[in-house]
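Per-chain numbering from 1; labels A, B, C, D and E assigned in written order.
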Amino acid sequence: MKLAKVVGTVVSTRKDEKLDGLSFFLLQDLGPDMGLKDSIVVAADSVGCGVGEVVLYASGSSARQTNQTNNRPCDATVMAIIDSIDLESGDRLYDKAAE
Amino acid sequence: MKLAKVVGTVVSTRKDEKLDGLSFFLLQDLGPDMGLKDSIVVAADSVGCGVGEVVLYASGSSARQTNQTNNRPCDATVMAIIDSIDLESGDRLYDKAAE
Amino acid sequence: MKLAKVVGTVVSTRKDEKLDGLSFFLLQDLGPDMGLKDSIVVAADSVGCGVGEVVLYASGSSARQTNQTNNRPCDATVMAIIDSIDLESGDRLYDKAAE
Amino acid sequence: MKLAKVVGTVVSTRKDEKLDGLSFFLLQDLGPDMGLKDSIVVAADSVGCGVGEVVLYASGSSARQTNQTNNRPCDATVMAIIDSIDLESGDRLYDKAAE
Amino acid sequence: MKLAKVVGTVVSTRKDEKLDGLSFFLLQDLGPDMGLKDSIVVAADSVGCGVGEVVLYASGSSARQTNQTNNRPCDATVMAIIDSIDLESGDRLYDKAAE
């Protein structure tokens, strides 16, 4: 899975009929230091994420293994919201509670 | 899904028999600032997109989950036309109506 | 699909038994200006392409959706030969007849 | 598979219901010289890996071919812990016992 | 498929049970000029390749379409050993017999 920040919301009224009811979020990938990378992706959501949160998204056929995205033309799905990331050193790389 | 601009149309008369009836569009990927990136892809279309529009396309096996592309040797399909993208700040990153 | 030029032919006598009868071509990816990029791929062929032609190839599981490649350990297949590409401006980016 | 170092642990309480019981690790890809690259991925684990270990992870649908990840929205899974890597020259590129 | 050189062997005793009996090789990708690129991958093998050989490997679900890798958590498999590559100019880019 990739680590990303939810940076925006995407609205589309003209979309494939199989996508009805799905919300789309604009994600920006995060690097080893939790900084924003230059790459973006638009993902569906199976966990009720919100703008500003740090999340995990699955890509490819794995993005269709949720009840919300099964059999749909969707190749990226947010499937977890991150609480914290701890490093080998004991340092906490990310802490949602401290944001 | 990736965010891209439809920049051209692609004509092929000699193609795999399973592709009959599909239209192909030349897409150019967009970056976090909606600028054109250096990467292009040719995609089928399940929503009736046109040149100049900002769209989402699905890649890989997810590109075959539309009625138009099912079981076809197609790995990229436009499955949504974007109306607008809003950022956390409240700024509107993209607005089709304002183009 | 990716846009590429067929730049060479690849010969292999020791290959997986499921690949018998497939021809392999060396492709070099093309950029937005139709220039050769630094990335190459070796692809099977479902349309009878030849060296020097500009083609589309499908990747991943989509590369196995042709009669020639079904159930084979093949992740890239040429499935169309390009006749022409037209841009929004009306300019013709590529014209096979003019090569 | 990609070669990576397990650099951290990831905690998520709000995740897709199909992910219950899976642990997530933060991996950083390794280059030809075993140096850390700039790219990270979050992976599930089918072998009981620990922080600091050098591992292999499978991506995409292959990441779901373990008993732990079958049918789950997971696109990266650690499926081997590396003991050693030997080069053509006879040099040992990596040796877990020497760490 | 990607073109790569087999640069090493990888030993893992603690791996997913579904991987028993598979050998793993360290591959380094090759560029248009047959030079080694900065990217590496670890692959299973369905053809009996050896260190020093130039090979093709399939990625993703296509890597599981061999008898050796079917239903296993493996996303890269060597499925051909290259004899020769000829360019449009008539030049031979690679010749195993001349190595």
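Criterion: a contact is a pair of C-beta atoms (placed from the backbone, for glycine too) under 8 Å apart; a residue touches a chain by one contact, two chains touch by 3 or more.
Here the structure is a predicted model, which means the values were calculated and not measured.
Q: Which chains contact both subunit A and subunit B?
A: In this structure, no chain contacts subunit B and also subunit A.
Q: Please work out the Cα centroid separation of subunit D and subunit E, and write it as a whole number of Å.
A: Here the centre of subunit E sits 20 Å away from the centre of subunit D.
Q: Would you kindly tell me how far, in whole Å, the mean C-alpha position of subunit E lies from that of subunit A?
A: That gives a centre separation of 32 Å.
Q: Give me the residues of subunit A that touch two or more other chains.
A: Touching at least two other chains: 60-61, 63-64.
Q: Can you list every chain round the ring, opening with subunit A and moving on to subunit D?
A: Ring order, starting at subunit A and heading to subunit D first: A, D, E, C, B.
Q: Looking at the complex, which residues from subunit C come into contact with subunit B?
A: 1-3, 30-32, 46-48, 56, 58-67, 69, 77, 79-88, 93
Q: Please output the residues of subunit A touching subunit B within their complex, sorted ascending.
A: Residues 7-19, 24, 26, 28, 36, 38, 40-43, 51-52, 60-61, 63-64, 71-76 of subunit A touch subunit B in their complex.
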